[in-house]
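Naming follows writing order (A, B and C), and every chain is counted from residue 1.
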Amino acid sequence: MKLTLRVWRQKNADAEGAMSTYEVDGISPDMSFLEMLDTLNEELILKGEDPVAFDHDCREGICGACSLVINGDAHGPERTTTCQLHMRSFRDGDTIDIEPWRAAAFPVVKDLVVDRSAFDRIIQAGGYITAPTGAAPEAHATPVPKPDADFAFEHAECIGCGACVAACPNGAAMLFTSAKVNHLNVLPQGAPERETRVLDMVAQMDAEGFGGCTLAGECATACPKGIPLMSITNMNKEWLRATRKAGKR
Amino acid sequence: MTFYADYTTGEPVADTKAPAGPVHERWDKRRFEAKLVNPANRRKHTVIVVGTGLAGGSAGATLAEQGYHVIQFCYQDSPRRAHSIAAQGGINAAKNYRNDGDSVHRLFYDTVKGGDFRARESNVHRLAQISVEIIDQCVAQGVPFAREYGGLLDTRSFGGVQVSRTFYARGQTGQQLLLGAYQALSRQIAAGNVELHARTEMLDLIVIDGRARGIVARDLITGKIDTYFADAVVLASGGYGNIFYLSTNAMNSNATAVWRAHRRGAYFANPCFTQIHPTCIPRTGDHQSKLTLMSESLRNDGRIWVPKAKGDTRPPHQIPEDERDYYLERIYPSFGNLVPRDIASRAAKNVCDEGRGVGPGGQGVYLDFADAIRRMGRKAVEAKYGNLFDMYQRITDEDPYEVPMRIYPAVHYTMGGLWVDYDLQTTVPGLFAIGEANFSDHGANRLGASALMQGLADGYFVLPATINDYLARNPRTDTVDAGHPVVQEVLAETEDRLNLLLSVDGDRTPDSFHRELGELMWEYCGMARTETGLRKALERIPQIREEFWRRIKVPGTGEEFNQSLEKANRIVDYLELAELMCLDALHRSESCGGHFREESQTPDGEAARKDDTFSYAAAWEFTGTGTAPVLHKEDLVFEYVHPTQRSYA
Amino acid sequence: MARTVWDSTVGKKTVMAVSGLVMLLYLIAHMIGNLKIFFGTEEFNHYAHWLRTVGEPFMHYEWTLWLIRVVLVVAVVAHATAAYQLSRRDLRARPSRYVHKKPRASYATRTMRWGGVILGLFIVWHLLDLTTGTVHSGGFESGKPYQNVVDTFSTWYGNAVYIVAMLALGLHIRHGFWSAAQTLGAGSRSRDRALKAVANVLALLLTAGFIAVPVGVMTGVVS
């Protein structure tokens, strides 16, 4: 396959960026999208040019590092992570636009690499259960109904890649935040911090400069792990419940 | 220059920390004997933790909870992305919830046996004891383990054992456990007890007056190289499987932290013990950048087979039942498809070597779910393995519900690592190694679902108990700062190394060297090793190294985000570690676990150990790049699990 | 608590949801009242007069009406202020656009902001036209709403403005009602289809009900 790539190049956070055009040839349909970029980078290095910087690590769809907007879609045309996208999803002769996640809360570090530490700070604000090591009761002391355990798992699957923010027209982080809130709030272990968790995490989400939710639904469509849009509805419910309870205290 | 293979043998090394006495009392005894640090004094102590995987994340969180000031590093943009996240199958614990005859002693026994009698009994027993607490801890943190309809935890069985002791969260157990540790760590970051440096990579260790006192690390965004100081340094930087270029490790997993520590005096133990995982997706071509694992749990219900005839190119569904060879079930009737990883991998290699492999290049065997789908129904199979099947389909474009999966072994885990004593301390006082970075608990072969167990045992329970003893016995006498001459020296060495990489301006990319080294290692130090092959590799590696320093091309500068520079610098260390791996493999002329020497096998092709000669852990001391290292042997004593030829037949 | 709500994006959305639902309830009543125009001058004018006497003798003349007006003004102001502030925030959160553009989300979702602005402007015109008569096209006469309405819809622009606004209203309600349910946490997987159906039906009924009046005038059914 022969392809034309238009790639966002930006030297560093402060520099102006622009799209640059590259041609790549000899691409196999079995290659992953990132392997295609590896091929381009090998050529660029040998030509003495700066290779395209992009985040990637596990390349098996679980670490959440890879983060490319391909032809306007976060993670590209398939519902998966960029690293699990294969070139068979494209056709010979295609022109492919590759851009970084774009959101004020995710400033560009270089080329296609962005800073997603805002997500870490949202978790730090309350996305945990306070259970110091050694203090845990016997695991079977508290049974968890299977539907609740499954619900928790479904939300815990979030890989923190940020595709939801990248796809959201408002650069909102509601799906990410709600996934963690729902994971922990449904479990009996998470109940003691149920209210503070949702209030603090939402407050941190706002403080990071993410936009608000207009329920456009783009986040859930882009999510490689299939976190449902209903996750946001549920967090809203948790938030209102917590606000009411806080008001009564 | 001495030939690398002409190593010398030094004084034996011994674990002086494990107390004597009954094995099940040793951990309690050690904890009681260990000195403690007064809670009020803990905040005066700083501990550096490198890595935020299961071991590092849990250690950082726990040390901070105890009151220590923790400075933690990860090369990823977030601690949540450490490669522990990719572990799929599960975590072992001797809970015996199934009432199927499991016990701490059985987990201990299985692990020692599974490791082919090359692990330390004290450590393994402690691991089995702690396994129980880990599950409690993780459940309390909100890890959403799979549950049964009654609300209690579900378990499944795994390779090499006959009980069902593996706890799991669908095919994403590593992810869920890691997020648990990450969340605990996040809580401590928010509380100001952990100072986290993400996208910061350790490049060297600072040893002053024989004690580990800090590290040199590079901010990967700005390129700034800085020094960080502490009273103890904990390496939780994972394994070195990426030396093979193609492995199931993350692309950026690397050996730099452990190798630099080794160069500064920490012994490296059993570097040749590499685990080749039997169930990975076969490679599709030269462009392949990494290999993807399919969880071992698939072997619970999938049946492995190849055609009986050589060169049979018919599609699988056209091969009738009686022309299929379910070779694991045939050779190992009692364990069948659930034999330990090393055995399953080697069996796959053997049938492929015989010319009976399937798929492109004949480098694959079938993992067939047709029977499971018939027996349990497609829905049940989907519920159990759905995400793995989806992943397989995405990568190969084949539907595993219809066509059997094709799998082939791939490098997955390294049992070798920095030598540590019972306290997890390396031979450099004040330097600790935990998780995959140390060599300790798995011997020559790790059982499935035991890596997560070990990482969390080390991080949550072992290290936080043992590090107190070191800190209490070594009260800080002087403060080290950037002006110290040793610090200046280490810093200058690091800067010189990076500048040299940038200045060669040759004609080969970092990846091209990495790939070349990886192919060499896979060929000669992979699933089956021979003296001739290893000698060839030992001859070749210095040549590649020489060529590397002549022809490497790293674009850009050191003062910016430069992924090529990161890669090249990691390859520098691989090029030295590779030599040690081959030497270790060469010197150990027995077969054991993941280390298979063709010269040492039973008549029916099984690994033949030589307990009289090799019942030791080989701890290597660094003497210089390309110069022969010194071997220190730690004799292994088996008081409880007596070495036998492993039999899974 | 009020502070927490107003300072949070989730809280502001709650304000929008509640105020939106208040206005929606009003619109349903308003539409039903409008349809009385098809029953002749007397009935319609009588109904308009009744609006001022609702609640008597407990309420004084026009008290109830003013109460409703106050509630509506509060709702409109809260809805618009929250929308304005959230929109500003959303635009700041996504300062640079993708080079490769793709139409996103449904039409109703994408037009919420401009639709809202159009509706806001329409309300001003609508009040000046039929409540105060300031910009009325014919001779506005207080207390004779039937004639006033007929006058308005006797001009092409009166019809055009009104019909465009009502189409915008339909779209706005279509996404707004469902969205409000999500914001208030009332949505769920099992309820989602029902909520979407209700949103569609509401949007359709209100649009049709309101547009029926100008269409009635244009076709001479109402004159």
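We adopt the following convention: contacts are C-beta pairs under 8 Å (C-beta built on N, C-alpha and C of every residue); 3 or more make two chains touch, one makes a residue touch a chain.
Treat the numbers as computed from the prediction; the structure is a model and nothing was measured.
Peer 1: If you average the Cα atoms of each chain, whose average lands nearest the overall Cα average?
Peer 2: Here the chain at the core of the arrangement is A.
Peer 1: Any idea which two chains share the most contacting C-beta pairs?
Peer 2: Result: the chain pair A-B has the most contacts.
Peer 1: Of all chains present, which has the mean Cα position farthest from that of chain A?
Peer 2: Max centre-to-centre separation from chain A belongs to C.
Peer 1: How many Å are there between the centre of chain B and the centre of chain C, using C-alpha atoms for each centre?
Peer 2: 63
Peer 1: Indicate the whole-number Å distance between the mean C-alpha point of chain A and the mean C-alpha point of chain C.
Peer 2: Chain A and chain C have C-alpha centres separated by 37 Å.
Peer 1: Just how far, in Å, is the C-alpha centre of chain B from the one of chain A?
Peer 2: Chain A and chain B have C-alpha centres separated by 27 Å.
Peer 1: Residues of chain A that touch two or more other chains: which are they?
Peer 2: Answer for chain A, listing residues that touch two or more other chains: there are none.
Peer 1: Spell out the residues on chain B that touch chain A in their complex, using ranges where they run on.
Peer 2: My answer: residues 58, 61-62, 65, 76-83, 85-86, 95, 97, 133, 135-142, 144-153, 169-170, 172, 174-176, 179, 182-184, 186-187, 189-190, 198, 221, 248, 250-252, 284-285, 287-290, 292-293, 391, 394-395, 397, 460-461, 464, 507, 509, 511-512, 553, 555-556, 560-561, 563-564.
Peer 1: Any idea which chain C residues touch chain A in the complex?
Peer 2: Listed in rising order, the residues of chain C that touch chain A are 1, 4-5, 7-14, 86, 89-102, 104-105, 109-110, 112, 175, 178-179, 181-189, 192.
Peer 1: Which positions of chain A touch chain C when the two form their complex?
Peer 2: Those in contact with chain C are residues 6, 8, 19, 69, 71-73, 97, 99, 102-105, 167-172, 199, 202-203, 205-206, 209-218, 228-230, 232-241, 243-244, 246-247.
Peer 1: Given the complex with chain B, which residues does chain A contribute to the contact?
Peer 2: 11-12, 28, 30-32, 34-35, 38-39, 42, 44-46, 48-51, 53, 55-65, 78, 80, 84, 86, 88, 109-110, 113, 115-117, 119-120, 123-125, 127-140, 142-146, 149, 152-153, 156-157, 159-160, 183-184, 187, 189-190
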